[in-house]
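The structure under discussion appears below in the form of structure tokens.
For clarity, chains are labelled A, B, C and D in written order, and residue numbers in each chain start from 1.
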Amino acid sequence: MIIVLRPDVTEDQINHIIERVKKLGLKPHISKGVQRTIIGVIGPEDLLRITPLEVFPGVEKVMPVLAPYKLVSREFKSEDSVIDLGKGIKIGAKKIVVMAGPCAIESYPMLYGIAQKVKEAGAVVLRGGAFKPRTSPYSFQGLGEEGLKYLKDIAEKLNLITVTEVMDPRDVELVAQYADILQIGARNMQNFNLLKEVGATRKPILLKRGMSSTIKEWLMSAEYILSEGNFNVILCERGIRTFEDFTRNTLDISSIPIVEQLSHLPVIVDPSHAAGKWGLVAPLSKAALAAGADGLIVEVHSNPEEALSDGNQSLLPERFEELMQQLRELSKALGREL
Amino acid sequence: MIIVLRPDVTEDQINHIIERVKKLGLKPHISKGVQRTIIGVIGPEDLLRITPLEVFPGVEKVMPVLAPYKLVSREFKSEDSVIDLGKGIKIGAKKIVVMAGPCAIESYPMLYGIAQKVKEAGAVVLRGGAFKPRTSPYSFQGLGEEGLKYLKDIAEKLNLITVTEVMDPRDVELVAQYADILQIGARNMQNFNLLKEVGATRKPILLKRGMSSTIKEWLMSAEYILSEGNFNVILCERGIRTFEDFTRNTLDISSIPIVEQLSHLPVIVDPSHAAGKWGLVAPLSKAALAAGADGLIVEVHSNPEEALSDGNQSLLPERFEELMQQLRELSKALGREL
Amino acid sequence: MIIVLRPDVTEDQINHIIERVKKLGLKPHISKGVQRTIIGVIGPEDLLRITPLEVFPGVEKVMPVLAPYKLVSREFKSEDSVIDLGKGIKIGAKKIVVMAGPCAIESYPMLYGIAQKVKEAGAVVLRGGAFKPRTSPYSFQGLGEEGLKYLKDIAEKLNLITVTEVMDPRDVELVAQYADILQIGARNMQNFNLLKEVGATRKPILLKRGMSSTIKEWLMSAEYILSEGNFNVILCERGIRTFEDFTRNTLDISSIPIVEQLSHLPVIVDPSHAAGKWGLVAPLSKAALAAGADGLIVEVHSNPEEALSDGNQSLLPERFEELMQQLRELSKALGREL
Amino acid sequence: MIIVLRPDVTEDQINHIIERVKKLGLKPHISKGVQRTIIGVIGPEDLLRITPLEVFPGVEKVMPVLAPYKLVSREFKSEDSVIDLGKGIKIGAKKIVVMAGPCAIESYPMLYGIAQKVKEAGAVVLRGGAFKPRTSPYSFQGLGEEGLKYLKDIAEKLNLITVTEVMDPRDVELVAQYADILQIGARNMQNFNLLKEVGATRKPILLKRGMSSTIKEWLMSAEYILSEGNFNVILCERGIRTFEDFTRNTLDISSIPIVEQLSHLPVIVDPSHAAGKWGLVAPLSKAALAAGADGLIVEVHSNPEEALSDGNQSLLPERFEELMQQLRELSKALGREL
């Protein structure tokens, strides 16, 4: 932590700050320059973070030196985390993991049909929402537990892993009974009670980036889950909000190599929600792999015209299959496998 | 809803779209121009919104004409909603309502001291957090029910209304037992299950704008609460996220007159969270009233150096008192009262 | 400048950095902590800023301590700059300065009519564009020198100061012959050659904030002008670009008190361009004064339906007059004059 | 153009609007619905765009149907534009074009050394700035014409194409004498006079996207150049400004497929400025090609520690060479060539 003092700071004010730093058991280093005096405090910054040093008289600004997260960081664990999803599927290693399926589970036959298609095309995880966070109270809100049953049953028949969103801390136990991977949606990235609740399970957690979250905040939300003892976190970039209005969100492709640099956790991309338009899913999927993503989560629907949610961004099964073939070529050129 | 067709659209594609529109019980109007054909569908847009018209062959884009919210709109109710907070205090009328208090409830005497000061200065609602949404799992998370008890007890002694945040659907009943106004924080603006839960109470709800939410989405979140039967919603602008990094958030002052134009609900401003710096609280508070806000919610702390949360943005009681005097002058010039 | 070293930095790498710092004539202070070693260099940061320290082996990040601007800063000059606009009008003191007029100069009688009205209502500066920066090459681009002549002639008849935009370094001399204040538009805030050119005059310069510029960058652009010897710079906040799409831009009201804190230069607000809608001009104008702005620049048009540019955001003269009366009341309550 | 009327619109107001539309020679279509009446005007929208219909009494909002650009659009020209850069190099076809070199031209030997290396690695265009747009007036501003001479001389010796930025309309003629491709920097994307000036040449123009420009505005700026008769425009995505502060800008990777969809012009990516960190250049370059970019412009410096500009984001020649090898592999998998 660097405490930059105002040009008109007094000796008394400096002493007051130093006393406080020492009271916290930390060691201050003072450097007096021509234009500014600064106090460096190199040590456990947590203690300082909760002290509002900026309100101390004479302080101009406070600049943290260390990242606020620990367990998720490369410094804590230098080698990549490889997470076991079950049925022999691992994420975070050489093999790229593709998750696919409809936005919402609408009926048993619909889900079954799509599941078959995405499995044939090479997806190993089936996605499908039973609890849907919808901007409008008048939109389809999902089938609830009924949908979870369909998901589990179909996945068992087809030997697929499942991922589905949990929106409410009260539902974590229920969803965990049916699904292999619990998804935290973008709108809940900072629903801290929900993070603690899924942190208390040992399920793999797919943590989507909030649509206005910095990478640092995203990693802090992952830290919530790890701090509860659950290290099975998969990060998922799904676009951030900017002024650009042609796409629903702006896929922050740089976040992939940055996360790989800062954290040992695997990171995947959701090209469907990032773009909001199916025509962009293929180029964004390729870009994601090229940037180093460990996987993708793609919306596929056999009849987008009748989809109850997000039909505009869903690929038809045949387009998904074509994309998978292209991605397989690409993966090889990138030294990965699919 | 306006459906803009591609220049190369075929008659068959047009007929396919028209059939679908008619099947929904709606009436399409076709206009053929030199460069484009468009289909106008003027009627209940809800039915169309859930139909992914953009995936229909031949469609270039779909443009909604009507706002997606109803109950919160001026069209639904043209006169201002005045909400009764209890103890004779109303919000949304001529009199401006100031809410003040510490970010977090830290102890009984601390809260009591601050409550006395803000009451003397003219605040009528006491704020204080018992459940704190903190970015870091290692930060102070609030006193929980113990804090709520302090809040209720002190407010009763001093004849103040109380407002406190509820973060978890499981806590709504508990918080509603102690507090007069339930606050939904910015991070939970789209926690739809929480919205439904507070919508099921009849308590006044203070709904903060999400830090990356459009005004439309904010009103849609209010719509969730009203659609459950609770019309006592107070909107609270607290800044949005932009590239500007001098302030924690960018107070969107324009949202005040816009909300007044679009909705009948009262709207207030939180200058403390918007700025993140106490030195900006006074000018932003004045700007808020000048722009037409119905109230303010301000953080006040008697010892910011020791505050367990957000000390940097808290006013000292004496500065708050001074601000209140200035606001009283200002209110008169604006034709309001404080 | 604080140089934060990587946890795995070697002694050789540290020595390499220290040598470089010393070669620049600066004095490094090393602080070794448990988790990190940092090197503080307190002195003229300019020398360090042009050295890409982040590429030195062993460096994790570099954090500047001092602001990059000098001449515009409060540290350089602590008292407010009051700028003489001519004809006894000063900006930056107690009296608020209102500039008003049409977006573009369309004809002599039209400008004359509006000028009379805004003068009667209390505006002291007449605005009007002769060179218009238009997003589309097919839009009206302004009357050029002919427009400047109208502006000068009418202002002389009515004893008004004039402000008009200069877009091209080649036009600075020409525009300076006709206008009292030269305006640099938002799109040209970082047109550095244009800044140098207007810096070479001694005219007052109205420097609009770029639509995606930080306050720091805005002040750096002002620094360009001051560094050429022209200290007569008036800053103008006109909204920044965010995801909110109800307004054309988001007025960053916080920038007013921040600029006042960081700089001695006067700052005004353009509520017309910020909002893009005339219905928001009045509340935003009031908010601007309440936040401490030294003036306003408002678009007024006697026949917005026929305006060749920005009719949507122009006030009718009668609405402008009404606003001026409200602002006079408000100014008194704020301890200012209008 | 769709004109949405207010629910309380009167017949007189409707007639007033219709008359105006007809006076422009356009044909209005009225559709009356239960909740709203709308007027569709399908025809040359230019005429309507310059009419501020939103200020007409009774109008709620106006929604354009057509894109505001013409010459740059796919509708105007459906096949891809392939631009001849000279020396047998074309951009916009199967072969990917890589441009590389230092941010600024610092000296003849330095530029020569880097040029040799990037040529050997496979770059066909040499970049290097002689006129540098610098945020601070105290930073290195470029060597000017001297730098242009070095650039031309070295390129001739090594049989390379050159690209360099022109910042000032007064310099266009000069720069055009020395360079093969004229670059318009992000800060000048809406410097309309500069656009007209380069539009008057027949040189290929590299048009960088402004850091807060929408794709629509970017295409409108290209339209300026084409409307002057110069169809040789290459678009360059270089990142947009968002709240994320880990990178200097957020590379908007989606803009690549979107531009390809909307326009016939080639589009390339500048991974160096987008990221601001050399460690991200390789993954972003790969992502750019995977998303469909027609080329890259990459900063390379043989001694970043001594670079006078942007050293932090420059690749060492050996890293650039390694990247080029990877990109060659990748191009094949993508059905392109490099």
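In this section, a contact is a pair of C-beta atoms (placed from the backbone, for glycine too) under 8 Å apart; a residue touches a chain by one contact, two chains touch by 3 or more.
These figures come from a predicted structure and were not determined experimentally.
**Student:** Work out which chains are contact partners of both subunit A and subunit B.
**Tutor:** The common neighbours are C, D.
**Student:** Roughly how far is subunit C from subunit D, going centre to centre by Cα mean, in whole Å?
**Tutor:** 26
**Student:** Could you put a whole-Å number on the gap between the CA centroids of subunit A and subunit C?
**Tutor:** Inter-chain centre distance comes to 39 Å.
**Student:** I'd like the Å distance between the centres of subunit B and subunit C, where a centre is the mean of that chain's Cα atoms.
**Tutor:** Spacing between the chain centres: roughly 31 Å.
**Student:** Among the residues of subunit A, which are close enough to touch at least two other chains?
**Tutor:** 212, 241-243, 245
**Student:** Does the chain-touch network form a line, ring, star, complete graph or other?
**Tutor:** Chain contacts: complete, every pair touches.
**Student:** Per the contact definition, I'd like the list of subunit A residues that touch subunit B in the complex.
**Tutor:** 20, 46, 49-52, 54-56, 68, 133-140, 167-170, 187-188, 190-193, 196, 210-212, 217, 220, 223-224, 227-228, 241, 277-278, 304-305, 307-308, 310-312, 314
**Student:** Can you list the subunit C residues touching subunit B in their complex?
**Tutor:** Touching subunit B: residues 212, 214-216, 240, 242-247, 250-258, 261, 274-275, 279-280, 283-284, 286-292, 329-330, 332-334 of subunit C.
**Student:** Considering only the defined contacts, which subunit C positions touch subunit A in the complex?
**Tutor:** 2, 4, 7, 27, 29, 31-38, 40, 42-44, 63, 65-66, 75, 241-243, 245
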